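Before I ask anything, let me first share the structure, which is written out below as structure tokens.
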């Protein structure tokens, strides 16, 4: 028994089985999320969603996976072979790496890094490289335009994302995810940082290239963007696996740093099953909100996307940092975080709403016949 | 194909009542000869093809006429009587409309382009040109619109360009009996033709 | 901001409503009695022969020329069982070509042809186009077996 | 300021081929965009992929058979197209449809206008990027009307229900009741879409002030229908050139102020409400009686003559120029397509905008390729 324990205590073995668990979790999450998304959006559109394979179509993602695995792996004749075949992995590996630092319960994660948050942001920023390479290597104009859009979009939105997280880590005083969660034992940071949460989610939605920020993949414009030429398993790695894993990772991160993670409420007291439930519930809620937004909104234009980021999100992110700095330097009570952040969010919302060139609706000429 | 004894008949020319738009045209362009006819809806004016551009310009610019809106531009193939180009005009201010027509000889179907008068005439003329082989002189971009670019050898809507024979799938199953398809035994014409004369097999209707 | 939220509320509201779609091949929508599926020939059960006399009226009226009819002398009329002197010998209808315009039904003087107003008149996919050419037997089968009531225009 | 380094950078405009198979081309339309970065500097539209020779085919069939080609030409507003064709034939033949037939025609045409606009809204919202939600909403509502058409004519798309002289058979017993219900339902449905799109800021910023076309230009290009009315010209054939019995109904003509894409959307939304008004009035007034004139011949022969008949279709002025030289078949039948004329202004509207706008502008024209190519 002690021999077995010693075997699992070996740092390599320990890392290996934890990695296996994360890998399995990731596959399960991707399969589950494809099903959930199709079903959820189906219901929003008053459709049934997948119903054929299994009860209520629950085996649909498995059927999809089988189909994708068996599909021919097509490559355009004029594509750059090496880059084309490598690009999906370039996009996917960084996303997978982000999962390594996420603590799913108080005691369980692959590795707890002191700079976990920084690691997460640094690594997840690499995904864009895969998309650019894919778009370039496909030798298709749609893919190229899509890739350029992706590059502009993901790199721009990285900035408010990082700044929002930075503002939050000022409160926690740490970049260690476990420490940040512990810090929220009493009040989750979303209460103190509504503006920061808004910025984070807006940037996250954009990072996932989902509506209203899905200009990179815009079906009605560039017909799928960087992955237009991909098929079969490469398409699935580049698109489905990367996107859903990324969505999962970002939502886990958001629930960790904003919603109190596995701790709030009563996580430490009631043990790991309750912590898992908390994590799962919070993450799923955020994912569903992203899907809900995805199903509701039109897509913004490229220039609007950029000005939204640089002219609105970025100043707001700096404002959040500044406000946090004020509160911290002058040792104001905690509730001033809420007041400053919330008021800024409301003011920003109001200003955007009134400044938007909405104008009067069209004139209706009323002329009646005899 | 209409029955042989009928033959194509031209519509009789009924002169419009005085006070219609035909008089406005005559007033605006006293030098030009108009043949006016009252159609079921609009007044129809036939002009010589050399006057087309002048008449159209005047129709658009003259404040009395003010026919700013080109509704439709089309061609008609009258076989021996030549090709016809028809302009449908409408005025938003006065609420009146007119049909302008001009005949072109079949061997020299040329007429001035109206694309310089109305931007909307561009595509309509391109379509008419490819369908009837009419040459619109001065058209800015005389390439086919609906048809393939290399399809210049025939003009589909001309009457000398019949429909292709229909390929009947059900005919191949009939075998030798296929020869009897469409054959009406004596005494049954009244039922089959609904009072009309017996026609040839339907496949010939392309003429 | 308000419009965005209004949109979110709208999608949420529809999400909790009942879905409007059905699982088509397993569940079928009820067809109205006037439904125009592909045409069928009708069977005169009293005499035991088709209503169709093979008069070619539908063949002429068909805009797509998908009908071919051959007429013959009616053997039953010679025996005195039927009033129809002539009867249809062969009737071929190309469903692949038919556009279901119902002009044949309108034209028919004997009410011998009708549009199939059941789902069998729609679900006609075949692997070979030639299988869509129906002959007299296939066209009459549904009517002869009963269970098919054609809609007659008022 | 262009720096020296930037000047050395070689940039080229690329041609992006949009269509004929592309999610945003509404069928088989193709346009070649020349883009400089994200800006469109030139556009060359190509049409004709769906040219089936409907005009030529109509010349070779009789008047009853020719009607079915109208369904297949304008396949989103079939009743409107059939009505135009029937009225052209009636004008030449001197037939006058009975009152009841007129009312049935009006009701169906207006309902068809609603379904067509629903289709527009669904497709247009998808062009602006909504994930099919507006599309399914619009189709859900459209389906209620479609079911009435199905129960009435027996077909969901190719109705073939009107005939020169009237309509082919009478409406079912529960017709009035169902149409009344659907009028109420349509009001609810339009409000649903209103809440989802009309006030949505993202939607508004996508649609405002793009694809603007001025009123003189619109007239010059021969635009019609909602495209023309969005420029502020209250021109509607139902009012300005009344045909059938449209002069008996009270309705408003919605117009826009800017002539941009958003105005076109608003005009169409309002037109649907007005159509509901017309249908409700027509239901009130609909008399009993025959649906075909007493002396309607079974085989129609037209005297020689020419007529240009036009109706206000959902997409604009749909015209039939019919030349008869006697006999059972038209000598020449020209279909004046509203979409074709509306498309001519495409270049002027698109050039200078972003690629994303090009798609939205094309969507706002609301093309039906069957009608454009004929």
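All chains are identified by letter, namely A, B, C and D, in their written order; residue positions are counted from 1 within each chain.
Keep in mind that, in the parts below, a contact is a pair of C-beta atoms (placed from the backbone, for glycine too) under 8 Å apart; a residue touches a chain by one contact, two chains touch by 3 or more.
None of the values given here were measured: they were computed from a predicted structure.
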- Chain nearest the overall Cα centroid: D
- Comparison of C-D and A-C (more C-beta pairs in contact): C-D
- Where the centres are mean C-alpha positions, what is the separation of chain A from chain C, in Å? 54
- Item | Averaged-CA centre spacing for the pair chain D and chain C, given as whole angstrom | 30
- Item | Distance between the centres, which are taken as Cα means, of chain D and chain A, whole angstrom | 42
- Rounded to the nearest Å, the gap between Cα centres of chain A and chain B is 62
- Expected list for chain B, residues touching two or more other chains, is 194
- Task: Can you tell me which residues of chain D touch two or more of the remaining chains?
- Result: 61, 133, 137, 140, 196-197, 200-204
- Any chance you could list the residues of chain C touching two or more other chains? 1-2, 4, 7, 10-11, 14, 20
- Task: Note which residues of chain C are touching chain A in the complex, please.
- Result: 1-2, 4, 7-8, 10-12, 14-15, 17-23
- Sites on chain A touched by chain C in the complex: 40, 42-48, 51-52, 292-293, 295-297, 349-350, 352-353
- Query: Residues of chain D touching chain C in their complex?
  - Reply: 61, 64-65, 68, 133, 137, 140, 143, 150-155, 158, 160, 168-170, 172, 192, 195-204
- Task: Provide the residue numbers of chain D that touch chain A in the complex, in ascending order.
- Result: 14-17, 22-24, 35, 38, 125-133, 136-137, 140, 196-197, 200-206, 208-209, 230, 232, 234, 239, 246-258, 262-263, 266-267, 270, 354-357, 359
- Note on the structure: chain D partner, complex, touching residues on chain C are 1-4, 6-7, 9-11, 14, 20, 32, 34-36, 61, 63, 99-103, 106, 115, 117, 151, 153-154
